[in-house]
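Everything below concerns the one structure shown next.
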């Protein structure tokens, strides 16, 4: 599972059927590389999160019919205690 | 899910059976690295899209018999609002 | 399977349902890149471990309902004999 | 799916049972990184191809019992028209 | 599938249940990056091998209960004929 930071919501009207009405977020890693994830936990811009990839990402999205390969698994609480990785 | 830009259609006559009659696109990431994806949403050259990999890519292609590992999941509308990543 | 070193436990209160009450660790590779893994073997900070990714990570976590993509597979005993890779 | 070029056949007598009597190719990407793939389409040295990874690679090899993670999905016809990526 | 060279056996007493009594090897790629693989073919230190990842790695280990994500698929015979990649 990777550690990423929420940059922004993703505005995307035209989508495949398996991602309609799903909340998507643009995340960035410490090197600035962007990825897109499904967000079942309600993360906000600036939050550090960890993400789940592969088939587990679909279960983590609460519904295996959600066609994601990356889902936010949780909000990191204590990151400030060990230093900001950015 | 990754953020990529459509570069061109892929012309490819001789293919495995599981990809006959499927529309393929060459995509590039912000560093110029190319990948090939199935396109169920009708993306055009120059569009920014996000892609779905792994087994979810096959469901996203509308038919699990499509033997892809990468499928376009949607067209990004609002990318211009947060700056062009290229 | 990758070789990583345990850096710290991950403090993370708000999580998806499939990772409640699971012990998570922040690991780093020899280049300093961080990942998060489920720990079924009781690794401590500073231990070198190897990790299992993909669907096997869920079985390695003792329960396929654990929604992980990375699980510690074992503690490396003899690493000091071949030199510290850091 | 990735874009790779066929470098050579792979000569490999001692193999796991799931890859006996299968035609293997060494492929290289534009940066020179080598990978090994199963070839169901009859690619030749110098051909540009695209490859399928993950579980779809096994279906693309015509037989799910073929234990591959990478299979050639097709020969690229028109690459010369958009410039050689090497 | 990747091309890697066997560096050493991995000594690792405390492991998850799905990897007990399995022969593990530390492998390195041409850039020196290490990975750990299950070895069903009897590779020795210094051998060049190719590896299978993902769910196929578990079948290649002869038993789907082996919780690996990387398994040696075969010993490369003829590598000396095309030059040593190291």
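Each chain carries a letter (A, B, C, D and E) given by its place in the written order, and its residues are counted from 1.
We adopt the following convention: a residue touches a chain if its C-beta (ideal position, glycine included) is under 8 Å from a C-beta of that chain, and two chains touch if they have at least 3 such contacts.
As the structure is a computational prediction, the values presented were derived from the model and not from experiment.
Novice: Return the chains shared as contacts by chain A and chain D, ordered by label.
Specialist: Joint contacts, listed by label: B.
Novice: Rotation angle, chain A onto chain B: superpose the C-alpha atoms of these two copies and give the value as a multiple of 5 degrees.
Specialist: Copies differ by a rotation of 70 degrees.
Novice: As a quick test, compute the distance in whole Å between the mean CA positions of chain B and chain D.
Specialist: Each chain's C-alpha centroid was found; their separation is 20 Å.
Novice: Could you work out how far the Cα centre of chain A sits from that of chain E, in whole Å?
Specialist: 32
Novice: Please output the residue numbers of chain C that touch at least 2 other chains, ranges allowed.
Specialist: Those would be 53-55, 57.
Novice: Which label fits the chain touch graph of this model best, line, ring, star, complete or other?
Specialist: Looks like a ring, each chain touching just two neighbours.
Novice: Should the ring be read from chain D with chain E in second place, what is the ordered list of chains?
Specialist: D, E, C, A, B
Novice: Quick check: in the complex, which residue numbers of chain A touch chain C?
Specialist: Those in contact with chain C are residues 1-3, 30, 40-41, 50, 52-57, 59-60, 62, 71-78, 81-82, 85.
Novice: Note which residues of chain B are touching chain D in the complex, please.
Specialist: Residue list for chain B touching chain D: 8, 10-19, 24, 26, 34-37, 53-55, 57-58, 67-70.
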